[in-house]
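After this come two complexes, each holding chain A, first together with chain B and then together with chain C.
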Partner chain A sequence: MLDFNGVSISYGAVRAVSELSFAIEPGETVALIGANGAGKSSILKAIMGIAPIRHGSIVFENGKLDGLRTFQVVRRGIGYSPEGRRVFAATSVIENLHAGGHILPRPQVPARLAQVLDYFPRLRERAHQASGSLSGGEQQMLAIGRALMSRPRLLLLDEPTLGLAPVMVQHIGEVIRTVQAAEGFAVLVAEQNAVWALKLAGRGIVLEVGHKKFQGRSQELAQDPVVRAAYLGTD
Partner chain B sequence: MALLLDSDDAPSARWRPLARWAAWAAAAAALLAFPLAAGGFLTHTATLVLLTVIGAAGFHLILRVGLVSLGHAAFAGIGGYTSVILMMTFGLPWIVCFVAGGVSAAALALLVGPIVLRLKGVYFVLITFTFGEILRLIFNDWQSMTGGANGISHIPPPWPALMDTRAYYYLALFAAGAAILFCARLLASDFGRKMDAIRESESLAEANGIPVFAVKVIVFAIGCTLAGLQGSLQAHFIRLISPLAYSFQESLNFLVMNVVGGSNSLVGPIVGTVFLVALPEFLRGWVEYQFIIYGVILVVVMAALPGGLVELWQRACRWITSLSTRSGR
Partner chain C sequence: MFTFAILSQIALNGITLSAIYILVALGFTLIFGVMRIVNFAHGEFAMLGGFALSFFYVSLGLHFLVALPIAAVAVGAFSLVLERVVYRRFYQREMPGMIASLGVSIALMYGGVALWGTHQRSIPSAFSAVYTIGPIFVTAERVVVIGVCLVSLALFYLVLRFTRIGLAMRVVAEDRITAEAQGIDTVATYRFAFFISTAMAALAGGLIGQLFSLSPFMGLMPLVKAFIVVILGGLGGILGAAIGGLVLGLGESFVSTFYGASAAQFISFGLIIAILLFRPQGLVGRKEG
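So, the complex of A and B:
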């Protein structure tokens, strides 16, 4: 459903990603793993029309994404939870979720809101609290919940576990899996925590300074001695 | 509007709607009765306040998407000059001139907005400042059309009956009421939520599927339209139009009104306008100290009340509720 064809991304003279190609099938989860500066976030930003593409093209459900503005990409059916669990800090949890539901037809919003709150009971408890006062894990749930509000067919998650307590990391993974099972969307997750990401995803792509180094099924990657040594820190 | 003034923890939720209606009715009655009780000078000042509120509300809308336009007064000038010239040179009826004043400001905003709105933060402020000054120079130098630095005097009122200040007060009251109601509805709508999202974070708003740029252009155009309408109403009220009234200092005044009153709710610019338009009229005896007094007020408000005078009211409400709950126990 998403095809990355020989895409290069650069910021000025600095090249972040070089001629990268991969594809995502409907309903599957793909993890982008690698060190800082490997280009994981840039790939998500390129899909969202935030980072400039120099070569190649990105195709989503037979439509080209390159050249579209961010809001247009969202309207095509892609949800985006940016890095650093970004929420509208001054507004309440409910209002944040409403913001995520802007592109839905209005009558569908209340039902969708109830559904997303069902997925994240913690958010329901905090419904009228200012988002800035939530814990880090709750803010991450809110960022994901907000992205889910638009009923995306592809969900992009940028560093969803960054800075979270281990219990919360595990919990977030469970929630993503549950919701995905219920709704059937595909997930592309960029993540430094490779162990966690490979547990969540069916497939993984290992990046190194903008190049694809390995790719394969998560279990195979998790057992590959080179990947284990370099990214999983287990040997 | 009243929503924004309420504190969240008031215990008497049941009485609130009733109290609110009573407050609105009292305010409306006071506004309607004002010119009957007050003298000519007070009515004149009140009319100026009401007219300025329209432009200040327009400025507020633009501020609510995180933008400060120092060309705001120049858009009022566009509305004023368009309206006056159409009426005095072409003899069109006032209502046509008034609408044309708003439309011309809107058209110019739609033309310029898509260009200047590509700039952000301080660069937007600077480009609107520059644009406003260019417009002011045009008002100043296009002698044959605008009367140059002397401007145009002996502007007729919309209707002969509106020669009377009291009559004009009611026109201004109606116009300001309509403008405020419109802005309040807009801010409370889905569109208003998009505006709030943009003010808090443009990138995040965009990631939620909000067409940030388009929303900003629309808001800019609406805000400038209100300025243009104010310009028309004001020119026909003071019956004089000159480039001086549309310099960037006037735009700055709109900003100060919003900051002093409070820039987080529509009540802010209303309170701020009352303060900033009425105050100088009463300080005329101390003209040389006027700006010192201004400056002191501005510094005090910004240091002690970042939410503006509206915050003073909110704090007072909270204090009273805390007193009443404490005595209740």
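So, the complex of A and C:
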């Protein structure tokens, strides 16, 4: 459903990603793993039309995404939870979710809101609180819930476990799995926490300074001695 | 001399001024909050509002309360041309944006001179009734000014707080890229905010033209007042603008009654300098992160 064809991403003279290709099938979960600066966020931003691409093309469900503005990418059916969560701190939890549902026809908003709040009951308890006052884990749930509001067919998650306590990391993984089983969207998750990401995903792509180093099924990657030594902190 | 009647009369005058100042300042702070443009031409949109009102009300003979919103919408629509040609290139770039808008300000001012000449004109009073409430005299004109401002402020609040486009403006102001990643067309949101802002300025300009007088140079006063209100109340909020506007309007009214108009100007600018020195976030504002 998503084809990333020989894409290069540069910021001025800095090249973040070089001629990278990969594909995502409907309903599957793919993990992008790699160290700081490997280019994970740049890939997600390129899909969203936030980072400009230099070469190649990005195709989603037979339509080209490159050249579209970010809001148009969302309208094509892609949801995005950015690195660092970036909830709208001054607005309430409910309003953040409403913003996430901006592209829905108005009559569909209340039902979708109720559904997302069912996925994240903690957010329901905090519904009218300013989002900036939430804990890190709650803000992460809000960022994911906000991305789910538009009923995406592809969900992009950038470092959803960053800075969270182990219990919360596990909880977020469970919720993503449950919701995905119910709604059937595909997930592309960028993570430094490779152990967690490879448990969530069926396939993984290991990046090193903008290049694909390894790719394969998650179990295989998790057992590969080189990958284990370099990215899983085990040997 | 401090009888209740006099004090209430002064307060009423002050509230009339406040209403206009709040209207001007809200649009000014909206453009700054959403697209980070300090719009030096804000006062010129008020000036255009005055002349547009004069056209629809005096030349075409429409009813005042019909001509006023039409004039505001006309100025708002005209401002979208400038948004397209000039402002859009300067969003999120405060310094260049300030200079560009200063250019727009001067161009509009002298455009006005070319079109309408430099002599002051006035818009004939639309309402001549005078009511007496106890010891105070209330002219219908002032009631209309306060009423128009209250209705616009209420509408502004309701739109910002409870509509989809209002939420879009708020989240675009907070984080443009993340807002766009929710499927919000930020360019269209900017255009809407710009329209609202200049239309409110034009509304205020019409009221100023009616209460005082009309001239191509009349934009300076509202711009300066918007600055003062924003400094008093802190940038961005409705509550801040309301408090800043009330403090300024009432303060000016009292000081100028007892000590003259120049004392009022002197004190309001002195107050501004003091606030900038000791409380730069405004009276009700919080420090910017």
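One rule holds in what follows: the second predicted complex is superposed on the first by the 235 of 235 C-alpha atoms of A that agree within 3 Å, B and C clash if a C-alpha of one lies under 4 Å from a C-alpha of the other, contacts with A are read in each partner's own complex, and residues count from 1 in each chain.
Everything below uses one rule, namely that a residue touches a chain if its C-beta (ideal position, glycine included) is under 8 Å from a C-beta of that chain, and two chains touch if they have at least 3 such contacts.
Values in this document were obtained by computation on a predicted structure and should not be read as measured data.
**Q** Could you tell me whether chain B and chain C fit or clash when both sit on chain A in the superposition?
**A** In the arrangement built by aligning on chain A, the partners chain C and chain B clash.
**Q** Identify the partner contact of A:H102: answer first if only chain B is touched, second if only chain C is, both if each is, neither if none is.
**A** After superposing on A, A:H102 lies in contact with both chain B and chain C.
**Q** Should A:F71 be classified as contacting the first partner (chain B), the second (chain C), both, or neither?
**A** both
**Q** Now for A:F22: first (chain B), second (chain C), both, or neither, which partner does it touch?
**A** neither
**Q** Which chain A residues lie in the overlap of the chain B contact set and the chain C contact set?
**A** Of chain A, residues 48, 50, 69-71, 74-75, 80, 82, 86, 88-91, 95, 98-100, 102-103, 106, 146, 150 contact chain B in one complex and chain C in the other.
**Q** Quick check: in the complex, which residue numbers of chain A touch chain C?
**A** Going by the criterion above, the answer is residues 48, 50, 69-71, 74-75, 80, 82, 86, 88-91, 95-96, 98-100, 102-103, 106, 146, 149-150.
**Q** For chain C, which residues are in contact with chain A within the complex?
**A** Listed in rising order, the residues are 164, 167-168, 170-171, 174-175, 177-186.
**Q** Under the touch definition given earlier, write down the residues of chain B that touch chain A in their complex.
**A** Going by the criterion above, the answer is residues 190, 193-194, 196-197, 200-201, 203-213.
**Q** Touching chain B in the complex: which residues of chain A?
**A** Listed in rising order, the residues of chain A that touch chain B are 48, 50, 69-72, 74-75, 80, 82, 86-91, 95, 98-100, 102-103, 106, 146-147, 150.
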